[in-house]
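In the two assemblies presented below, chain A is common to both, partnered first by chain B and then by chain C.
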Partner chain A sequence: MKLSVLLLGVAALAVAAGAPAAETPKRGGLLKFAVSAEPPNYDCHANSSFAFIHPVRPHYSTLLKFDAPKYPAIKGDLAESWTVAKDGLTYTFKLRKGVKFHDGSALTSADIKATYDRLRNPPTGVRSLRQASYADVASIETPDPLTVVFKLKKANASMLSNFASPWDCVYSAAKLKQDPKFPERNIMGTGPFVFAGHVAGSHWTGRRFDDYFEKGKPYLNGYVAIFISGAPMVNALAAGEVLAEFRGHSPADRDRLLKALGDRAVAQESPWVCSLVVTFNTKKKPFDDARVRRALSLAIDRWGGAQALSKVALVRHVGGILRPGYDLAASEKELVTYPGFSRDINASRAEAKKLLKEAGVPNLTFTLTNRTVAMPYTPVGVFLIDQWRQIGLNVKHEQLETRLYLAAQQRDKPTFEAALDFNCDFMDEPNLQLQKYLSHDRSAINYAQQTDRVLDDFYDKQSGELDRKKRYAIIRDFEKRALEQAYTIPTIWWHRIIVHHKALKGWHILPSHYAGQDLADVWLDQ
Partner chain B sequence: MTTTAAAITYKVPKRRHPVLQFIVHQPLGAAGLAVIIVMMVCAALAPWVAPYDPLAVDYGAMLMGPSAAHWLGTDSFGRDVASRIIHGARTALAIGFVASLWGSTVGAIIGVVSAYFGGKIDLVIQRIMDVLLSFPIIVLAITVVAVLGKYIVLGIDVNLIIAIGLPMVPKVARVVRSSALAIRELPYVDAARAAGYSHMRIIFRHILPNVVAPYLIMLTAFVAQAILAEASLSFLGLGVTEPTPSWGLMLSGAAADFYQQAPWMIVFPGIAISLAVFAFNLFGDSLRDWLDPKIKI
Partner chain C sequence: MLRYTVQRILLMIPTLVGVAILVFFLLRLMPGDPVATMLLGDAGGANIPKEVIEQERARLGLDQPLWVQFFKWFFGVLHGDFGYSMWTGKPVAYEVGIRLELSLQVAIMATILAVLLALPLGTLSAIFKDTWIDQTIRVFSIAGLAVPSFWLGMIVILLLLTYFSWIPPLTFTSLWENPWENLAQLIWPALTVGYRYSAVSTRMMRSSILEVLQEDYIRTARAKGVAERWVVARHAMRNALLPVVTVIGLEFAFLIGGLVVTEQVFNLNGIGRLFVQAVARSDYTMIQALVLLVSVFFVLINFVTDLLYAFLDPRIRYR
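Showing the complex of A and B:
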């Protein structure tokens, strides 16, 4: 049975890898896909979940977007072309002509300015989760209706990629002027699909926008995102009621689907810009002691764990603070020199015990706060508890519903001791991934509560460094210090597995489940 | 002529030991009791009986089928299923007994108080019981767990025990009230009142001891329900959390992912739950028959 599943998997992967590039897309059809949670509101700028991006992204356009088959290359979306000044302080975009919003109004540079002003400086009552990404923007100018110029206060190595963020949906300036909160309750963009309806607890529908700026696209007549999760979602995929789910499957679900669908299935796999990290509450004893935190990191056999857990969970890769395989990430040779990443786990554990003894807590007891989302939180939680048991620690496991889990870490004076947290982004970019490790007063996603100006300085230096080699070196300094201080420690990086029906064409897996979801190039071979 | 009375010999029936009598008259109940005793012994001696540490992860033995090394196979973390079932008996019995004990005891007290005072107090208490009775057990338990969250004392989630025991309160209160209503009218209760004893003394010294039979029967029957409720809540992710061995938890999570590849991950915990519930139900039914004189006639 295992062999047949393996063969099917290999065959499916081969199909995915060898898909002819010259297939002629067919027009028509309704794509049904599953989304395992529902969007909390309709505003791109205030959301951070795949549950939002999968149903909503096809209604909007962004300035740039990722060229999925060539990731991390970017291409224009609303922008036809762009130039970056040599000093990295001026970004000039030329917009496409004839772009229309779904209400028929024409897109101009004023819409881009209004959108980015809202992102970097949200009006009262409006929430922007990307404010920090555009903190270096000094001004936005619109010399003519089809030109936008971003002027920066200082160079920022991630700025061009930021413009490809799937979260930065372009809104209508006129609508924002009427009501800055308009996008919270309304969907109105320039994307390939027009909003057709949302039935809470059931589904979300979009239909083709006939005036979409890319002639001949989208290919689909429309799509239906069905809110369904867990085993029912896998059953729906196996039965062909939905053709895909775009977040990711566990290896067990992959094998089950490949077996059920046979040659009607395509499996695409990719490393994932997502890692599970352990955050220690540095305001709480004994986690204010770097020796204790480092000892807990040293006790984790990441190499053995990754190999074993990859068989049962959607985690697979050992890496530091950046995704392994990314060109700015540490090489394995560098990685094994960091605390907790040595291949000699016995030596690491001996050192861990020594550090705990020195810190006066050789038999430490503490609680690991985790969330009730099974995959991959539960298997990794069980793995970590077992690792810490092996150096004589007694760890309780507290699994909380997502809202309580986030509240436990995000409240002003958090009470958790250690928490299994996640660090997921829409692209590989140190300015995004390193935010988890920045001082608490500079990062809304650092729950360890520490203040470390040395790390902050390294962050600022790498962010402003446009020379990639020099940036790489600064990131290594940051990484070394972050892992030695161990306020927040990476465990195992995720591995994205998508099984979809063969009839679904034109969709390419990316290392992020947030990017590449506008469905403009997707078509159905049926 | 003299007549002599024929010697009459009486054969005094041998009195069997009550336990032996129970076994003879209630063989199914005795079988249930035997299973319960085995489970309790296993739970009490789990660290010595279980072949492996139930928490020990062995990535070299993941998803292994039943074998000489692992009689009931291993789970997706390479943990020994038999050892987790044996240790899981501790969780099931501890939560089952404590939850049904508090639920039945509080229910019995409420039932007696309601019957003793009667009138408006009885009316109000019974309407509250009606409200509680209108919820299915699992729905009420889920609501309580969701509202109260977790509160761990000595490794046991007190709120989980409250959630499981709460639905038992109105049921026991109803049954005990009906018995107490009859006892309330008996002369010795009137005598106690005439002697000027306090309500508390009459309730706790004169009425409660006489409703022990229905109380015990309900208590036994509810242990099975409590075990099932704990398994259901753990299955739904509202009960105990990984890596604590729990039968319900063993059926959820990874077991659901691997039920085709490793069916032993769900079959054996399922058998353990069914066996425990069946044993307590058999014992409870037999105990009711044994203790209820009306049924004996």
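Showing the complex of A and C:
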């Protein structure tokens, strides 16, 4: 059996094992969980970190959300039902009746319109990091207080999933009218928990919203998100001071916690919509030469690396530009035909050496810029350097703290040669994951600096293609070209491991650490 | 004495202005951009248009000439306004204020512990030089110097976890609100930091006493028939305290912002951790305020030390 299939199978079994059987939820209790960083402000639309989502998401609702046990299935959150026109240009949502904001005001379609208008066209001084996701929306109409109609300029295959984005918290239109920046300093949503306090640098608290629209929920009286990281966080889990941390643990921490907690712990595991990629600065020689970039990709034994690294780091899965296991991702049969993904590493390395010789740099020396984030950046960086040494290259590992790392990759004057870059998203969706590979002028997250209109064209085609089979085929064309040109190359995909106390029930692991965190279904068995 | 005091106070002003200028401009020379660090987050900055980044830079005033930025900030500082954190958008004074109580308390507790240990141990060690008492105290104090506080902290945590399945509280409760909860959290870092602090002071006290005991006036006192305990307590200790006071003062000021790793080990929401976070986030206004705060502490502690010198040694105030 192929290794990746075996590992995915094991992961799926682990998820299944972690999934609770049907139990009657108990009400009450205060959930304490760890968050290893802290949000800079309170505005969902302006944030992009799990450090924001984990403490803040329980205060808000979104139009749709992911059905955690059935991911990637979507279910209504504020929307009771919805229809999508056959041409994919009109999305009509019927809202739940009787939904209240935490201040007691009723939610209407005007709140949805105000929220999405703010997202797609933020007023001066307001930041929306998701403007591009809604660029295809032409208008938002509210024919009655419980109906919202989104009209699109052109079909967009990811639009429905976008409405399940955990970042698109629905705000009160009245509050936004008073002050469009109201959400930056205030929390007021329709979610299962009311904001109770934030002590900067220490913790965040929420208490049950008694008028939450799902009757009987939430089960918890409240929660406390404690900002704690590293070894102290693992100690706090082992001592039961916190019951969970929802980003992910390393294999070593998982083993330590399982040993310390015994049958009081549950481990849930899943492939992760996070990948580490190597980006080459195509403005610097010799990385402007596709042969050099492809050779560096060919030299990496991803299959062997995944097996070895999964024992020490939170990476495990070999995949192309989309997460392995996702239905639009390349199958293993297709994958092994791409440069750098062959099972025959000796043949790949022989080709790599030949390409480097042709390019005139058989003994290339360069620097790999990496972050000082131990997991998984350091082990993967060390692994890559070892792989390149095996074809006679001399690579320096430069690990920089985040601000210097980002400075080295700055868009106007990047200084790096090759960098270990990352890409994490809230869902499997080519419109998100492929952006890393788009031309520099079309993507804010492509640091390779290249312009490739062929890739851009493939991207636009797949984005507007509503037929999944046709979309799959276009994505393969995109992937083949992206991996041949190798401006940015995937290394190994992440593997999410969550160890939590057994008393914590109703939480399901997803392939994203951003989704499934509203805590509405979570309860404590104690 | 009044003239001496006024002189010391006046000297503080150019020192702090110099610090303000240095920290402001040195920070701007460092690579790293607060906006990039904040907006790119852990999602690789997905979908962030360039205009948003530029807009944010303008909002924070980073698009203005350096000298304009400096004078705006410095004018604010002169009026007691340290500005807003570039990361959280909250007033810097608020962010520092909520952490200062904890840091001050740990520093005070560690200092009390250090003084209570160092003065008697250092004196005993000197009096009983080369005896088993001296040897034992020397081992104790050299171990305190050799063992990093954070490592000792980790050991303490692991011992508590292993043998009592307990760790100190993760969130801070004020001493005035719940003394038991407060001490349950802060006694451990105070002990680990205080141990190292006491070791430094013990060594200093020992060598200082040994030096003083060789002085002529000590010989005179002994020749006059003054009892040995009075020779030490009234004549030797008072003079031996001068360098120890300096060490205690400097260590105290260091503890306000320097307990970075210890705060991490015990998950303390103190000034040291805020300092590291501010640097990692390129939060210029926060770094500037913290450097100034720590400088003020150093300058004030030095001032108090100078006054203590003058109190302990009359030659200084009459000079």
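Brief remarks follow.
Criterion: the second predicted complex is superposed on the first by the 504 of 526 C-alpha atoms of A that agree within 3 Å, B and C clash if a C-alpha of one lies under 4 Å from a C-alpha of the other, contacts with A are read in each partner's own complex, and residues count from 1 in each chain.
Here, contacts are C-beta pairs under 8 Å (C-beta built on N, C-alpha and C of every residue); 3 or more make two chains touch, one makes a residue touch a chain.
This structure is a prediction, so every number in the text was calculated from the model and none was measured.
Following the overlay on chain A, a side-by-side fit with no clash is recorded for the pair chain B and chain C. In the superposition on chain A, contact of A:Ala239 is made with chain C only, not with chain B.
Residue contacts after overlaying the shared chain place A:Gln435 against chain C, while chain B stays out of touching range. Of the two partner chains placed around the shared chain by superposition, chain C is the only one that A:Ser49 touches, whereas chain B remains out of contact. Chain A is touched at more residues by one of its partners, and among chain B and chain C that partner is C. By the touch criterion stated above, A:Asp117 is placed in contact with neither chain B nor chain C. In the overlay built on the shared chain, the residue A:Thr378 is in contact with chain B alone; chain C does not reach it.
In the superposed model, A:Asp288 makes contact with neither chain B nor chain C.
Look at A:Ala231: by the touch rule set out above, it reaches both chain B and chain C.
Once chain A of one complex is fitted onto chain A of the other, the partner contacts of A:His397 are limited to chain B, with no touch recorded for chain C.
Minimum Cα-Cα distance between chain B and chain C in the superposed model: 5 Å. In the superposition on the C-alpha atoms of chain A, the part of chain A touched by chain B in one complex and by chain C in the other spans residues 231, 404. The residues of chain B lying in touch with chain A in their complex are 55-57, 59, 62-63, 76-77, 149-150, 152, 237, 241-244, 253-254, 256-258, 260-261. Only residues 31-34, 36-50, 52, 55-56, 59, 87-90, 94-95, 98-99, 154, 157-158, 161, 165-167, 169-172, 264-267, 269, 273-274, 277, 280-282 of chain C touch chain A when the two sit together in their complex.
By the touch rule above, chain A contacts chain C in their complex via residues 37, 40-41, 47-52, 125, 127-133, 184-185, 199-203, 224, 226-228, 230-232, 235-236, 238-242, 401-404, 406-408, 410-411, 421-425, 432, 435-436, 444-445, 514. For chain A in complex with chain B, the touching residues are 1-2, 231, 250, 252-253, 255-256, 304-305, 307-308, 311-312, 372, 374, 378-379, 381-383, 385-386, 389, 396-399, 404.
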